[in-house]
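Notes to accompany the following structure.
By letter and in written order, the chains are A, B, C and D; residue numbering begins at 1 in each of them.
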Amino acid sequence: MITNEPRIRESLANQGLLQTLAAGLHTLDAGRVTLFMPITPASSQQHGFVHAGATFALGDSASGYAAMTVMPPDAEVMTVEMKINLIAPADGIRLWAHGEVVKPGRRLIITRCTVEVERADGTRRDVALMQGTMIPV
Amino acid sequence: MITNEPRIRESLANQGLLQTLAAGLHTLDAGRVTLFMPITPASSQQHGFVHAGATFALGDSASGYAAMTVMPPDAEVMTVEMKINLIAPADGIRLWAHGEVVKPGRRLIITRCTVEVERADGTRRDVALMQGTMIPV
Amino acid sequence: MITNEPRIRESLANQGLLQTLAAGLHTLDAGRVTLFMPITPASSQQHGFVHAGATFALGDSASGYAAMTVMPPDAEVMTVEMKINLIAPADGIRLWAHGEVVKPGRRLIITRCTVEVERADGTRRDVALMQGTMIPV
Amino acid sequence: MITNEPRIRESLANQGLLQTLAAGLHTLDAGRVTLFMPITPASSQQHGFVHAGATFALGDSASGYAAMTVMPPDAEVMTVEMKINLIAPADGIRLWAHGEVVKPGRRLIITRCTVEVERADGTRRDVALMQGTMIPV
């Protein structure tokens, strides 16, 4: 088990925005975390697609939790910076964010994340790519 | 009056995520839009600060609406990519996002945004800087 | 053979900065291009490591050429925006940049690139990750 | 006088890539540094415009030196990450990079930079905007 799993689950439960978005933890491994959230009117933009802000929120959180899996048990992280490329409209029923650590470090942790949309027929496609930096706090 | 003001107000009213976050339009000029939102448990992370995803959502929206002010009346925009640097924790009562067009274009519009937090005593400080690209759709 | 290979080889030969840096083409496939360059005093910073600008130049070029492999024969590309995370100092004898298309498109092409340093003993490690957007011109 | 001015001048003289590009220091104030470089075939791409890599190198260096002006005398900086938006082709005789510190910090320094091209008739226009993070080393 990943040492920080209980802290990550607790964090997810206490993050107001992630609760607002109904985000959940799917899988958690060393350096990798997958989160998901339903696509609802509360997370959409004017055409019914997921708002870039919701996509970012899920991907940023998956990235941060991935960083926590490679850190000491009492550590937390903050996002220093994050870049997102939105590569397709997110129209579907569920969003999946796969965060991973690409470079762990004592002072900084570099992460990437791919966000996918799942359609009603179960197919998926990538909707966003993220690359960012986390700092232990 | 900015030609696209009615469309921007309508868009804001129809964006589920922005309604979830209770975002409002403060000012709108050619190439510049300021949005605000209250800081509530629904937009926070586990320590009560604004979640980076909510900060991003407000700043991305201010950037997109700023882009709309310099476009033809029937145009809409999508975010191609956006980079955010989070420079201070957002602890306060309200968030302000000042989006501006730095380079209008027929094919692409480049934007910047500064997000500030307002404290209970009325003071403000910058919490995030964003730089991104919008595309007409 | 990739249709655009002759144009890419010609472009590389005509790019003053890439000639200054002595960059060369290693491999070229559909959506993937690998470039390399020697590490010399001409590309270094004050401590003898590769300057971030040279790392960026090689990675940006590998990304642009990767984009060209998925485009019509007469097309060229320009970089719209590019984000680089520098994850380790580049001390060694040669730099390798692996550019790839992650999302081809008619209006925009999204790319990623990993830059590695090769040491005198033949070992390699990642020194930079890039994510960006190209536009056909 | 800025305490770190001698170190910055020495650094510029010892950076191989900046010497290759013939970059020079124009002005240096607390939190602000302007560098310039001639546009020559050695810094160009295939159409005679400045290569994005040279634009990046100058802007990244101006950003790093701006960071050094707000740091202790014996400190140096490294680029953690940098995002560049290329907003117009750089065709002219000289490039100017205006780096500035937007958020100094003990652990991280956030910078922005505007790069301008100067034409033969003396007019200038913006060609690139950069936003990044520096770390003391």
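Definition applied: contacts are C-beta pairs under 8 Å (C-beta built on N, C-alpha and C of every residue); 3 or more make two chains touch, one makes a residue touch a chain.
Keep in mind the model is a prediction, meaning the values are calculated, not measured.
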item	value
Same or different contact residues where chain C meets its copy chain B, judged by the half mark	same
Of all other chains, the one whose Cα centre sits farthest from chain D	A
A-D or B-D, whichever has more C-beta pairs in contact	B-D
CA centroid of chain B to CA centroid of chain D, Å	29
Inter-centroid spacing, chain D versus chain A (mean Cα positions, whole Å)	34
Residues of chain D engaged with two or more neighbouring chains	80-81, 83, 85, 133
Complex contacts: residues of chain A adjacent to chain C	83, 85, 87-88, 102-103, 110, 112, 126, 129, 131-133
Residues of chain B defined as touching chain A within the complex	10-11, 14-20, 40-46, 51-54, 56-58, 60-61, 78-86, 89
Complex contacts: residues of chain A adjacent to chain D	80-81, 83, 107-108, 133, 135
